[in-house]
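Going by the order they are written in, the chains are A, B, C, D, E, F, G and H; count residues from 1 in each one.
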Amino acid sequence: MERLIIGGREITSRLFLGTGKFSSYRLIPEIIARTGIQVVTVALRRVDPGKQEDDMLAYIPGDCILMPNTSGARNAEEAIRIARLARAMGCGDWVKIEVINDNRYLLPDNEETIRATAVLAREGFIVLPYMNPDLTAGRKLVDAGAAAVMPLGSPIGTNRGFKTRELVQIMIDEIKCPIIVDAGLGRPSEAAEAMEIGAAAVLVNTAIATAGDPLSMADAFSLAVRAGRQAHLAGPGEVSALARASSPLTGFLD
Amino acid sequence: MERLIIGGREITSRLFLGTGKFSSYRLIPEIIARTGIQVVTVALRRVDPGKQEDDMLAYIPGDCILMPNTSGARNAEEAIRIARLARAMGCGDWVKIEVINDNRYLLPDNEETIRATAVLAREGFIVLPYMNPDLTAGRKLVDAGAAAVMPLGSPIGTNRGFKTRELVQIMIDEIKCPIIVDAGLGRPSEAAEAMEIGAAAVLVNTAIATAGDPLSMADAFSLAVRAGRQAHLAGPGEVSALARASSPLTGFLD
Amino acid sequence: MERLIIGGREITSRLFLGTGKFSSYRLIPEIIARTGIQVVTVALRRVDPGKQEDDMLAYIPGDCILMPNTSGARNAEEAIRIARLARAMGCGDWVKIEVINDNRYLLPDNEETIRATAVLAREGFIVLPYMNPDLTAGRKLVDAGAAAVMPLGSPIGTNRGFKTRELVQIMIDEIKCPIIVDAGLGRPSEAAEAMEIGAAAVLVNTAIATAGDPLSMADAFSLAVRAGRQAHLAGPGEVSALARASSPLTGFLD
Amino acid sequence: MERLIIGGREITSRLFLGTGKFSSYRLIPEIIARTGIQVVTVALRRVDPGKQEDDMLAYIPGDCILMPNTSGARNAEEAIRIARLARAMGCGDWVKIEVINDNRYLLPDNEETIRATAVLAREGFIVLPYMNPDLTAGRKLVDAGAAAVMPLGSPIGTNRGFKTRELVQIMIDEIKCPIIVDAGLGRPSEAAEAMEIGAAAVLVNTAIATAGDPLSMADAFSLAVRAGRQAHLAGPGEVSALARASSPLTGFLD
Amino acid sequence: MVMRIIFNGREEELPEEIPLGDYLAAKGYRNELLVVQHNGQIYRPGEWQRLIIKPGDQLDVLHFVGGG
Amino acid sequence: MVMRIIFNGREEELPEEIPLGDYLAAKGYRNELLVVQHNGQIYRPGEWQRLIIKPGDQLDVLHFVGGG
Amino acid sequence: MVMRIIFNGREEELPEEIPLGDYLAAKGYRNELLVVQHNGQIYRPGEWQRLIIKPGDQLDVLHFVGGG
Amino acid sequence: MVMRIIFNGREEELPEEIPLGDYLAAKGYRNELLVVQHNGQIYRPGEWQRLIIKPGDQLDVLHFVGGG
């Protein structure tokens, strides 16, 4: 397995975990222990008196890489503010930029995302922007200092699968920076497919959190990501139109 | 993991291996050692003087289940004859029935396959017929005594993938007997997809044998099959049309 | 346009119409007048006293080709009996054979269908069997005397589309007899796709009958079938992986 | 058919024609006469002495809407300059903005495209920008004054088909302005599919120009576009998982 | 004493032999697009009145409906 | 006479200047995984008691939750 | 002594000021569907002869071709 | 005078009856993983020497190869 280095750290698990929507935070450390997941996203929110829930950080092992997202941000400035706050709170340098103006499909604003990336990368953040798949925007993100680029597979939380393959494939082929498929992957087979065509990693949340058995589903995704990566490296055989016999084609006793 | 029992044996690996087209037989035991594959197909052929190659059986560990195929058979009678020969040669009771009249796509003859299955099942064989996906034919195979039914994913040796999903899905939903997707799967993601929708196992040959690194590709398929099975059992989450936020949808500081 | 001849008749419209499920029989003659549809299926049923509805035949113009189906038949004998009755009732020589044992997906029994085809073709019927896509079964149907072979696109009445393309494409390429995609096509684009890959015709019922505006939808299918056929004959251009400029690639003023 | 109005003109044919790559300009007026195509793209180029070819405008009937593209532009300024030149040359107010920095896939730069759209719309142009499918960018184009938004189906000139359906569908559902699928459509069925999901029109060039018989293929696309539009308006029936009988499900004589 | 026949798959009793035309009219069948299968033989409306129903006869009234 | 502050985006009134730690405890915040943003500056729990709330201060209590 | 102009992006030398129409005819341009951009201004064929080329002028001859 | 047999589907001539083991060794077959089908009956290597080839016999030498 070739190594994946992001922000100077070697990433040993190419499955990144989003932590929203779980029925209980207690599942998170179990999943991490079982799968070896290393990169974990969290969100930052204001706590009102009497509504204090558990802090997510208490459930994430110390050797994980925390990647706070900027959810809630509607433009570059808000994303920048959230990222700075998260870092000040001790979350480290990683940040997933997410700038969204669309409430139905939660599709990102690439232009604002590029602006936020440029500012935060200059401030020393390890920036992983969530984006609408787009080769040109991807290149601009890399120029702006993104450590990896994260196009969506389909809208957030839909489990619709890897519907943007055509555009993501081109990004993978043309951009040197790691491409990570984020959002929408609903089945391990779809994660494997993304890895087979050369994605560096995938970020999965809803498909695991909403599964009947999240722990087992996390394990399934973890296996599938390894399978897809390994297949990419092993070099898949050629696809042909006509059949090619797997057994000798001489008639049996001819 | 629910157990898979075929012919009274518990099958611990749901990846079955076809042994044709490998550059060297030496890869076979390595692959089996690495993946824990248990069911292995072989073919029977006449040896002419001076053209004697290694015997495949010498390369297959003793605890594997040998599944000779009837490749070369053009009708039920030929398939029956080959199956009997293979058993007489000490291969055990398992047989993959394969009756083919089509040289371009190697598509099977379901009707002859059903006839051969009935005869061989009565003789005590554990019969796994390769077939064109077809609910009615699948039911007849089960009635004829098939231990599992093996519809094709796409034509043999093409690596074209799981193109018959619609028909296979119906077979899985309607037939109690294990359904094994055999032929055409070219990528681990496709094997995972077949398992996710409830296939009991998959049989892969060309995709592994023609990969750049067959050993690594076998491992990738093995992982993907486990991933797909586990996802099937874990219960995938619902697919939705509209996005569902993974992070709290309240604006960040609102 | 190359001509399509079935049973000695030139077929001028490659869209065949099924007449079930319409909210009113009055739509049928309107659709036929608007689209020029020529081949029309009907079903034969027992009428109980007091439950007599209109006879469908009263709504079908005299120059149409009536194609009674054998729906309700569970084996070859029942199909043969229905076909003979329909002919005796003055429906002409055409018959769509349909032998079904499966109540959930209404998938056909190819083996019984082949048997019925052989008997009826010998009796002078123009036999168009509905079948599960299968190259070998298709060849047997042709040998049995089928005038055309009608593989399903997806289960009857589902509007699921052309899900069996892989197997149907092979039938089209390998079988000389006209291949007609019957059942499951839900959108004109899917009918066009079937025609583009070389289907001789398509048979559509549910997609038209259950549309918001059946007359307009029939017209849409009719246009799409012509589009697909014409594209097939016109010879589609090559598909490429990389872009090929449609405008001169010299920079504008370089 | 609901009317399509762009820039104050009623558009009677929803198939727009690109004129590049034809073996002879003489095909263009023939295609227009046969199909009734109304909107036609052209490109502007410098002519060197001795290399003067025919002027495309001589081949386009006077009642067509000319839509010069800005091919060759690598940023907003170049696109604006080309648009102004084209208008000064008497081409009218329509312009297809195309800003491309990528030579392998010819994928557009949405950000520059938005900038050029804003400037040209203010100058009274009817602006139809070619763009990478993206809901947020689409909204910005509309805010900038675009008369219609033209996301790509797949890379220019590839004939790869409608690979961006997921993102384009969302644009259609969420943006009030006409959405026109431009680039990559290779088959009439794909154009029909785009129209079925609600595209206002499609722009096709390579699929027609590189067909074996371009005239006939243009006709096929024209029919398919009408079919798809009509199906969209007619209201497709529901898609179901299980079969629904088209013939009465009572056994024939039960 | 009555006679029994099989009509549309169900047993019925008739007091006496009667012409098929009268029998069907009495049951309320109305138009001429029906066909009757009588002991495996097809009879069109014009032939109904000449046919007398006998004990043990099997009768089916058939017509065409919409079907795909 | 009272002092006004902005707490979690809403205006509040306080009778007098008090240490942040006391103020938050009175509101019932319980553990140490919270962080307070005070006039744009981040303060961790250990620092709360040293900080005195003044008129016009802006305070936000923040923590991390699950997010994707 | 010669004058220099930029023609279609390349430098050229001319012995003297001449009308645009004569200049283009000499280069072999043949029909009337061309347009000339002269120092950023568009000139149609009917206007060519009235325009005299001066030192330092920028000229581009343009026309429409097939494009998608 | 010779005897004829069918060996691997082709006719062969032998001068005399000989044990199967000697016959196969003479043809150069080398190891013990082969199986011989003799008139429809399977014989493993240990049994070859006891079997004498007679006129009209049908022999096939078989083994397992890779197959899918």
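To be clear about the criterion, contacts are C-beta pairs under 8 Å (C-beta built on N, C-alpha and C of every residue); 3 or more make two chains touch, one makes a residue touch a chain.
What you see is a predicted model, and the numbers here were worked out from it, not measured in a lab.
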Label-sorted list of chains bordering both chain C and chain F is B
Rounded to the nearest Å, the gap between Cα centres of chain C and chain H is 56
Separation of the C-alpha centres, chain E versus chain H, in whole Å, is 74
Chain C and chain D have mean C-alpha positions lying a whole-number Å distance apart equal to 32
Within chain H, the set of residues that touch 2 or more other chains is 9, 60, 65-68
For chain A, residue numbers touching 2 or more other chains are 18, 20-21, 43-46, 69, 71, 104-105, 107, 155-157, 160, 183, 205-206, 245-248, 253-254
Chains touch one another in the pairs A-B, A-D, A-F, A-H, B-C, B-F, B-H, C-D, C-E, C-G, D-E, D-G
The residues of chain D that touch chain A in their complex are 101-102, 104-105, 107-111, 114, 132-137, 140, 154-155, 160, 163-167, 170, 174
Per the touch rule, the chain B residues reaching chain H in their complex are 18-22, 25, 28, 41-50, 52-53, 55-58, 68-69, 71, 85-86, 88-91, 156-157, 183, 203, 205-206
Touching chain F in the complex, chain B uses residues 245-248, 253-254
Given the complex, residues on chain C that touch chain D span 18, 20-21, 43-46, 69-74, 78, 82, 98, 103-107, 155-161, 183, 186-190, 192-193, 196, 205-207, 209-214, 216-217, 219-224, 226-228, 230-231, 233-254
The answer for chain H against chain A in the complex is residues 9, 60, 65-68
